[in-house]
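Across the two complexes that follow, chain A remains constant while its partner is chain B and subsequently chain C.
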Partner chain A sequence: MDFNALGACFTTPACVVTQATSGLIVGMLLFLVAAGLTLIFGVLKIVNFAHGTFYMLGGYVAYSAYAATDSYALAVLAGAVAMALFGVLFERVLMSRVYGSNVLMQLLVCYAVVLIFDDIVKIVWGPEFRAMGMPAAFQVPPLFIAGGVVPPFYAVLIGIAALIAIVLSLGLSRTRLGKTVRAAAVNPQMVSALGVNTTVLFAIVFAIGGGLAGLAGALAGPVRSLSPGMGFSILIEGFIVTVIGGMGSIAGAMVAALVIGLVRGFGTIGFPGFTDGLIYIVMIGILVLRPQGLFGRPL
Partner chain B sequence: MKRNPASRDALFAAIVLILLLAIPILHRSPAFEDFIIRLSAMALFATSLNLLVGTTGMVSFGHGMFYGFGAYAFGLTMQLTELSLPVAALFAVALTTIAALVVGAICVRLSTDYFAFITLAVQMLFFSVIVSWQSLTGGDQGLRGGIPRRHIFGFDLGSQLHLYQFCAIVAVLGLLALRHVSMSPFGNTLRMIRDNAERASFVGIVLWRARLLAFTIAGGFAGMGGVLAALFVSGAYPELADWPNSGQAIFAVMLGGINSFLGPVLGAMILLALNDLVQRFTEYHGLVLGVVILAFALGLRRGVLDFIHLVWSKRAR
Partner chain C sequence: MSGPVTRRTLLAGGTATLVAAPWVARAQANTLRIGMQSILSGPIALLGTSSRNSLLIEQDRINAAGGFLGRQIEFVFRDSKGQPQEAARVARELVNTAGCELLVDAEASSASFAVQEVMRDLNVACIHTNSETSSLTADPKIRVPTAFRVARQGVHDAVAGSLYLADFANAKKINKWATCSPDYAYGRDTTAQYLQFFKKFKPDVEVVTEAWPKLGQPDFTEVITKLIQAKPQALFTLLYAGDLSAFVNQGNVYALFGQMTVATPNVDYPVLAAIKNLPAGIQSATRYLETFPDTPANKEWGQAYFKRWNERPTNWSWQNSVAMHFYEAAIKKANSLDGKVIAAALTGLKINSPFGADGTITMRDDHTTIGYAIGWGQTIPKDPFITDIKPADWGKIIELETEWKKQQNYS
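Our next item is the complex of A and B:
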């Protein structure tokens, strides 16, 4: 533990800006993953353990699309759309068969998918780390804010995620689909009795969740390297975010993702080597004091 | 004539133990002995988890913590003190039991989903402590330098045959003890909590106390499995306490069947055999394992022993 370094960082604006931005991009990627996770849980009461696989595949699809078209925008679109379709397929072919059965049975199905696709990625793209590289459009001098260095891509990434958060929360609160989704989260039988096709609704929820995870994977491409195990670690962090924020709450996911991102950003200075531990301590503390999470409804 | 179930179980355990001990006398097979040694650790680990999952209905994602705790407690005790092996093993199990009591005191009051997550979080915290406390645990390299394999009661644990015998005895006795817990009035109390917690609390059962006791016992036996694992690898590694290891135990439980006492043992057997077999033929063993798990989950929809029970009782009707 190095409190002196942490204190020194907090008194220099440059260090605060640099660490905060790097924390923010971690937080924003986590938000995109956790938003889908929490949406799926909110509506279907299913913990999607295969969500990290969506993220990983989104990254790899974007990697190939970028290599083929040389357009990063197309690559991101390809990653998101491919994973939205994959989410529907996953829900229809596999998960819909284990609705209503034991939680462990659902876990088993998801884990099988994780194992299978980790190996498929190894076969198709190889077991070694892959780097997408920074797209040419973003290879420009960094921005300087209060002396801190902010690469332009970071700013764009944060902007996109913030935009998605706004669209998602407005969509849930204002649109007809959003209202149906929220109603289904409370009482799916009643929604179905009122004439809404819940089968289609569930598939749509998985499409949105998968699309968001794929988008996160594609956006992570230029800043993180791709590897077959990358889904695992983001999954755990996604869980932490949903649990801290409250299962089923999009706003909670946003707040918790930012908290975790900032803890990571500044933790690397104050507690090098123990940032993971720090995050688990935050999670345990929240669960003990407020089990339903910051924004969750009490069970 | 109706015999006492406890003595029937003891008889069954004695027969299995005699068979296991007789096999190497008739035929030495290093591969088989190696398999049983690994199975003994895994079987204790999975069966103790099933005391929570199947008997009490508490889904713990962090059971690997106690497996790893047992392994590290035993390894460190052997390296740092002059205690003899059985004393060190008992000490490690006792220490793990206390750890399970402390962790359980924090966790057991939470409801199902949150219980699963908090056990996972505590396990991951324990894992990060192991990895970052390098001076004591050796960090991500694991506890190296080996465990001094001392002689006990004429056993030389450096030899594979003696290690095999030791593991077989410990595992069978441990499983017998767990069976006893599961069949006791306390075991019935746990099943009652699983089936209807509200009613159980109406008849005067203090839910958290029963759950905490189950959690503590399960943790202790997982620690015993960890001790055997540490003996086998002659050290301890952070992976023993990592979450994929907890996952392995959950799959063993699910593959074998959660409603049969021997289900997790069978599941551990299937999982180990499958891992060995697949690794021999292809480097993509995740692919094959995943397909097999899918076939189980979507085809049988329950563990093997539970499936057999179901078919059996249907035919009897």
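Our next item is the complex of A and C:
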């Protein structure tokens, strides 16, 4: 622990700006993954252990689309849309058959999908890592705000993720579909009895969840390496965010993702070598005080 | 061919099969099976696949030249996933069940130590081709009579790298350094080894911050910003493969390479190919380069590999190729496949090699290779990627390695 370094950082605007920006970008990308995870759990009460696979495949699809078109926008779109479609397929072909089953059966199905697609990625893209490369438009020097470093690419990513959060939040609270999704999360039988086609609704939820994870994988493509099995590490952090935020709460996922991002950003200064441990301590602390998570319903 | 199958044809075919069967069986039995185990799946599968690719080229070459002692060779590949327990099990299985008479252990260090212990019970020769941890062969307690290493050794690279970086740092007046290496045994031990030698050659070195990201960590942002905050003049990193590629791409976003000099011994062709915007001026070792040693033989080998696999070789590729060159020479000399006899032939053996600093590589008495090419230079964004390469001084490496072994009570 290095409290002197942490104290010095908090009193230096340059350090605060740099570390806060780094925390924001980590948090925002994590939010996109966790939002889908928590949405699926909120409506279907299913823990999608295959969610990391959506993130991985989104990255790989974007990688190929970028190589083919040289357009980052198209690559991101391709990653998100492909994973939305894959989400529908995954829900219809596999998950719909294990609704109401033992959680171990659901876990087994998800884990099988993880292993199968890790191998498919190896066959299609090769076992070695891949990197998309930074689009020419973002190959620019970083901005210096109050002496702190803010990369333009990250500023754009934070903006896109924030926009998605707002659209998702408004969509769930203001639109008919959003209201139906929220109602289904509370009482799916009643929603079905009122004439809503829950089969389509559940597929849509998986499409949104998969699309968000694919979007995160695609957005991070220019700076993160792609490798088979890469979805696993992001899945663990996605679960931490979901649990801290409250299972099923989008707003909770947003706050928790930012908490994790900022703990990472400043923890690396004050607690070098213990940043991961610090994240779990924060999680334990929050769960002791609020067992249902920050925004979850009481257990 | 068409027409009904008559009773006569059937009988003729059956007789031919009966007559030929023993010959086919004998031919199969006569094939010399060589076991190879490595990480062939997962994020660092490149270690295993680029080793396997190289061995398959060697298999074709050796068979075309008549095989070993007149027997055609055939590799039996196994994926241990890099797990020590599985590696130990696979090594036994390759010898006891698959009938392999020689072993190539292409595991990373953690699993190689497990294989090394298994080798104490098996009377077959084994060459470790990818483990760089010095103690595997340097520590007499760990060394095994029939097991050898044909690979870089950590202490050799640490001496060579420290000497180069000390000269570089003195010329550029750089004494404030940061380190950033993976948070496991290799990263921590090897960084300590580099710093030990580095401080010996440049006593005024000050390490202003250290970062230990997890292996396979997807995001290095907070590590990069921490390094920038510490304002070092230079950064030494042991990140490798996908982690190094991600670090460079994320470092580019923060213009890290304009704010400090970066030095790494782990740049390899796959990393160079994956990093789309390789910064110029990274001080880098040559893991494998077609242009170092700058000889026709090395270039020819690199291009033949590319032609066969449509990708460029790695450091692990040349090491596996040289392992087969050593087996070839030792078996010819020993005229036997017995583990102890091959071991005697391998000890002290010197072979001509495209990867030798002076065109030769020697298997020293302590079962590890010396004389392989080690160089440091600086990166440029395009092929050949590393230029101004200065070859390491092997006299100095051995002198300091001997001192180090005494400190460790290895000799």
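One rule holds in what follows: the second predicted complex is superposed on the first by the 299 of 299 C-alpha atoms of A that agree within 3 Å, B and C clash if a C-alpha of one lies under 4 Å from a C-alpha of the other, contacts with A are read in each partner's own complex, and residues count from 1 in each chain.
Here, contacts are C-beta pairs under 8 Å (C-beta built on N, C-alpha and C of every residue); 3 or more make two chains touch, one makes a residue touch a chain.
This structure is a prediction, so every number in the text was calculated from the model and none was measured.
Legend: residue contacts after superposition of the two complexes on their common chain; A:113 is shown touching chain B, with no touch to chain C. Of the two partner chains placed by superposition, only chain C is touched by A:224; chain B is not. Of the two partner chains placed by superposition, only chain C is touched by A:130; chain B is not. When the shared chain is aligned, chain B and chain C each come close enough to touch A:273.
Looking at the shared chain after the overlay, A:103 reaches chain B, while chain C stays out of its contact range. By the touch criterion stated above, A:122 is placed in contact with chain B and with chain C alike. Taking chain B and chain C in turn and counting the residues of chain A each one touches, the greater count comes from C. Shared interface residues of chain A (contacting chain B in one complex, chain C in the other): 119, 122, 273, 276. Chain C meets chain A in the complex at residues 40-43, 45-46, 49, 183, 209-212, 214, 216-219, 221-226, 228-229, 241-243, 245-246, 249-250, 252-255, 258, 270, 274-277. Here chain A touches chain C in the complex through residues 9, 14-15, 18-19, 21-23, 25-26, 29, 119, 122, 127-134, 138-139, 141-142, 149, 151, 153-154, 220, 222-230, 233-234, 264-265, 267-269, 272-273, 275-276, going by the rule given at the top.
Of all the residues in chain B, the ones that touch chain A in their complex are 53, 59, 106, 110-114, 116-118, 120-122, 124-125, 128-129, 132, 243, 247, 250-251, 253-254, 258, 284-287, 289-291, 293-294, 296-298, 301.
The touching residues of chain A, when paired with chain B in their complex, are 47, 94, 97-98, 101, 103-105, 107-109, 111-116, 118-120, 122-123, 236, 239-240, 243, 247, 273-274, 276-277, 280-281, 283-284, 287-288, 291-292, 299.
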